[in-house]
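Before anything else, here's the structure in question.
The chains carry the letters A, B, C and D, assigned in the order they are written, with residues numbered from 1 in each.
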Amino acid sequence: MTTMKILIHGASGRMGRALLRLATADPRFQVVAAVIGRSLPALDALSIPVFGPGQLGNTPNFDVAIDFSQPDGFDAILGHCLARNAALVSGTTGLSAEQQQRLTDAADKIPVLWAANFSIGVAVLQDLLVRASAALQGWDVDIVEAHHSGKKDAPSGTALALGQAVQRGGGKAPHYASLRAGDIVGEHTVQFTGIGERLELSHRAGNRDIFARGALEAAQRLAGRAAGSYQLAELIFR
Amino acid sequence: MTTMKILIHGASGRMGRALLRLATADPRFQVVAAVIGRSLPALDALSIPVFGPGQLGNTPNFDVAIDFSQPDGFDAILGHCLARNAALVSGTTGLSAEQQQRLTDAADKIPVLWAANFSIGVAVLQDLLVRASAALQGWDVDIVEAHHSGKKDAPSGTALALGQAVQRGGGKAPHYASLRAGDIVGEHTVQFTGIGERLELSHRAGNRDIFARGALEAAQRLAGRAAGSYQLAELIFR
Amino acid sequence: MTTMKILIHGASGRMGRALLRLATADPRFQVVAAVIGRSLPALDALSIPVFGPGQLGNTPNFDVAIDFSQPDGFDAILGHCLARNAALVSGTTGLSAEQQQRLTDAADKIPVLWAANFSIGVAVLQDLLVRASAALQGWDVDIVEAHHSGKKDAPSGTALALGQAVQRGGGKAPHYASLRAGDIVGEHTVQFTGIGERLELSHRAGNRDIFARGALEAAQRLAGRAAGSYQLAELIFR
Amino acid sequence: MTTMKILIHGASGRMGRALLRLATADPRFQVVAAVIGRSLPALDALSIPVFGPGQLGNTPNFDVAIDFSQPDGFDAILGHCLARNAALVSGTTGLSAEQQQRLTDAADKIPVLWAANFSIGVAVLQDLLVRASAALQGWDVDIVEAHHSGKKDAPSGTALALGQAVQRGGGKAPHYASLRAGDIVGEHTVQFTGIGERLELSHRAGNRDIFARGALEAAQRLAGRAAGSYQLAELIFR
């Protein structure tokens, strides 16, 4: 097994730190560069080369960059991937229309993947929903989601994405219900109810590491592919 | 085991027919009279004596009357129970304030039980909720209920009753969510969420016979008791 | 909408009676013949032409036969479908190897479908499991099923079929757990557990009518197709 | 609010570290002593006085000791609580019969609580099961538990304790099913199944901090009580 060389952009954020912790413990990966906006003492202990936002030009070469940062650093990491001919996995939110266009343009030259939710289980669920909805036309659809009491928006973005998958498959418009309680990480149940029978599809997230795990999984499957814009689901199922 | 003699008032309604079917198949009971508003051919086959609404005076004696009828027949059956010194189990809804008062007054002389929901499982759940709420003060409370798509009111009366049990125990005001789908008979889940843990209590009704079963169970436990007004839960737990 | 002409073979059995009840209430179908082994008084009321097992030659023409009977009548109904160039939907269990071969041979000339479980929801679940398993390789798989306390075999045939779907997709060998309690009609949950997240897929049957509904749905989609041997899932998804 | 002074015995173990972390962040508590078997660098940062196993005599006074250590240190901390007239909360497993007797004897002089599982939710569930079982005699009982794939024993100790609660209440002997998958922290579902209805009671643990939280909660409710041997449930419900 050849080790995949990864650069982590936004390494001092919550996702970045989880990525560092998981990637350094996983023999499939070698973190060749951590790009950070502020100092991160633990990096010394891990002996990972650290670079400030303005030092991208100095990093070693890498197979794939994983970017969970802010929109204002996005153009730099995208340009760096193009310059080094590396793949880009990004979960940075709040990109402008121009930035999204630049990402689309870059997909002519390098493999790129942007996703709002990197959970493998959610990606699989989304895929199953399209398929189930095609077969269960006319069944009632309810989506119940539960998150910690501090979460403001409802339904969750993931619930809405699941609802879109249902409608893409030809299912009925879903009814949404949102629970906000305790410190629930995230649960989504999609319920198809017919006459006399019911199909329930649920995803339960136990902790937030699953998003970092999913991003690493995506990185591993994206690197080495032909240039193009990929979805998480298609990487998982192929 | 002595057989309990029951009179079924409202025997031609949906609940009445279920009561007849279940009671005649249960060796604990002997149906000595079925009081009906319209003809019910199946009764001939069961050889149960049938009486019209104006013929109450002619029925044999009985231990307990089970009444699922209309408010306009309620005074007659209540008077009949008082006259015969028999217990009364009633699930008739829409009683006037005067009728409720007459029921309260009757409880000085005979044992009576009125309930909105005769499911044994729901009665137990209600009891458990008071107790759990006393211990889980500060935990978030969510009540999710699901019923068939034809049900208009939301939250269900049962969900509201469960919420009252939570608050009676000292729990937080519940958040309600209602699903209306397919032909679901009735499901209620009460979720207590703390930090790092969760307690879920669910009741699932598979068919509507459970209400008739619960009424028969209540009749059996009510007959022979001291005069008074009883709750379903106290009959079950004692 | 043209009405589909159906023949019901085994009309006096439990499935046959459910098929008669549902088909006569569904404007998509016209029951042109009910073939029975013993008398069924309700048929007079429905004015459905009734035929004894030896009277198949006398039935009107039909588009599709639905057969839930005994192995000893299977050859007759299969031959009758071939003679009339009609489709055959069969759920008769206990067919001999020779009978299965005859069914396979018949598929050269007419469309046929044999299935052990006609629930639409279970067929969809089976399909989803193959797909999910392909994506969730390495996740632990548990299948929990619950049925009424009278059910002797465990795990249920449906649970085993779901487990085969998981393995067909490349998933881990499932662990099975079986609950036998009360009068539960049938519930199956397949749980994929990864690190930090879980995907649960459940089917709940509320009553046994779903099998008759599924068979009618299959009949409607099978009639008019090219000769061949079909699976329930492929009829539903196409 | 007066602050409760606690001593943590076994502070360098997994539970001990969780107790230190949660207690120092909770204004209801002041950790006056951490007794450890090995060095724990983080304690310096928290400025908590640290004592080795042989230095118990030197600790300041305290209201309650929380002990999650090894049997060989148990006699020392029990003697220390007696000497200082302080309460003892212990979750140390593997105590000898003599040690259990010494604990019982100590309860004549100080309030003590020993428990195998300090989850508040599990203690509440146990209490509810006794009550529910008394009402649901004759209903089938199934206990399904799920834990991480590394857990060797099955059914879990908690599942067996729940089953004992069911039988204490007069319920049927439970059927157990155990799932071992992924990194599930701990889930227990007790299902009461009657005819046509079902009551499900589930506890889900999201992380192991709940045991430390429960021990702190117990400590707070135990200190200041009369001498005696207490159960977690009675502290919670009173």
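By our rule, contacts are C-beta pairs under 8 Å (C-beta built on N, C-alpha and C of every residue); 3 or more make two chains touch, one makes a residue touch a chain.
Owing to the predicted nature of the structure, the values given are computational and were not obtained by experimental measurement.
In terms of the stated touch criterion, the partners common to chain A and chain B are C, D, listed by label.
Simply put, of A-D and B-D, more C-beta pairs touch at B-D. Copies chain C and chain D of the same sequence differ by a rotation of 180 degrees once their CA atoms are superposed, given in steps of 5. The most distant chain from chain D, with centres taken as the mean of CA atoms, is C. Note: centroid distance chain C to chain D, computed from Cα atoms, is 51 Å.
For the pair chain B and chain D, the distance between mean C-alpha positions equals 40 Å. Within chain D, the positions touching two or more other chains are listed as 183-184, 194-196, 198, 206-207.
Of all the residues in chain C, the ones that touch chain D in their complex are 139-142, 144, 146, 149, 175, 177-184, 191, 193-196, 198. By the touch criterion stated above, chain B contacts chain D in their complex at residues 119-121, 123-125, 127-128, 131-132, 134-136, 192, 194-207, 209-210, 213, 236-237.
Remark: chain C residues 183-185, 206-207 touch chain B in the complex.
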